[in-house]
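To keep things simple, chains are lettered A, B, C and D as they appear, and every chain counts its residues starting from 1.
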């Protein structure tokens, strides 16, 4: 069981969404931020770094937005749709773009294939949560 | 002249928005993130910390979202409305909520008054940029 | 297998340390940052928040330092002992302090017990890596 | 007067170091993190990106470490030498390395010249604070 799930199970207040859905999103955000940080490092070590510039930029954006979303979801006691909804939308959108770009390099670079997978899972988790809080 | 403005003036590509507007937003985001971090620290040192809990949570959210928005705007070469627009909307919304909460404590706590000011300026800067990129 | 390990296994360069040790540290840092963020949220929801102030502060420090260390270790291609060693020392020290503080609340608050566990594992992982790069 | 200074002047507790020295360090850290983030963006937009890879990596490390140090210094009420000293040492060391690398590109790229300046000021500020808390 992930730390996210363990922590949510001990949360001293009632959650506004299902703990399983929320924990799944938190884990997906954490994995995606980590995969994107590692993918930037790997991209910078490739010989054809010029071709990886767009991938690096999108991975940096994706790390930043996933990290912020992770923090906000962890403090969900003050759930505020006017903040959380556009943030989840921004997060799903950058995961989509970043996953698409990683897809383009997936056959050439195994690290991009793994990062694409993390982005796809995270995009889906954000969309599931957007549905759940509707 | 701020570092943000100096850096944007030397940017090797054409920007999609006016450099002055963008630099103003970057500075406002950086100030707001810093003010909110300092306000959390000050809130935690107050005797009536129980009354400051909501302020602390909103300041933490505000720091996280401002920091992410700052990073994304700094890499604006790949401007993507599907990411940047909801992110700026989330940022304006949390600056609004956090500024409103700081407002409630402004007469009692000078640090909340200063933080409110930083939140208000940042909210306006995000809305101005949303207008500029329309 | 964690994303950290998968990503390191596809890294395009030779690593300066054993991939297993490095991946273990990256995972421990990520878990600890996440547990501390969640513990802050839970502490803020407790009735006796006044007694949790020190725990909140240390968890915030621990999140910040773990996140920075995670980023630096992910870009280990430019391993530089003058940066990485003191950073790992700072990280082990904050994990120690934060773990000790969580220990004090562990019987009362299950979320602090889980967070303490994450801090202890992360402290050990940082010390193991310091040994490995000696 | 910077937000850092304003916030410190309203801090509800006695500080363990001179408010002016601390505010100067906080401002230098914030400027440096911002300059490094912008320099990464600019480096990625250069034609000779292959030659900028080391600069990009060091700027990413510098941003991460400055951001963490900024957070920890903002919560200085629990000043703990075993954490703060190695963190300031790591921060001074990465500012030194990053400043040296930016120096190499300063004549070619104005953005690296500005970033070098921010790194030099931040390195000095960290060393001054290390002296002040001795």
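Convention: contacts are C-beta pairs under 8 Å (C-beta built on N, C-alpha and C of every residue); 3 or more make two chains touch, one makes a residue touch a chain.
Quick caveat: nothing in here was measured; it's all calculated off a predicted structure.
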item	value
Winner on C-beta contact pairs when C-D is weighed against B-D	B-D
Greatest separation from subunit D - chain, by CA centre	A
Interface numbering overlap (same over half, different under half) for subunit B and subunit C	same
Inter-chain centre distance, subunit B versus subunit D - centres from mean C-alpha coordinates, in Å	20
Distance from subunit C to subunit B - Cα centre to Cα centre, in angstrom	27
Multi-chain contact sites of subunit B, meaning residues that touch two or more partners	40-41, 44, 57, 60, 67, 71, 75, 77
Chain contact topology (line, ring, star, complete or other)	complete
Subunit C partner contacts - residues on subunit A that touch it in the complex	3-4, 6-8, 10-13, 26, 30-31, 34-35, 37-42, 44-46, 67, 70-71, 74-77, 109-111, 114-115, 118
Complex interface listing, subunit B residues touching subunit C	40-41, 44, 49-50, 53, 56-57, 60
Of subunit D, residues touching subunit C in the complex	54, 57-58, 60-61, 64-65, 67-68, 71-72, 75, 77-78, 80, 82-87, 89-90, 93-94, 96-97
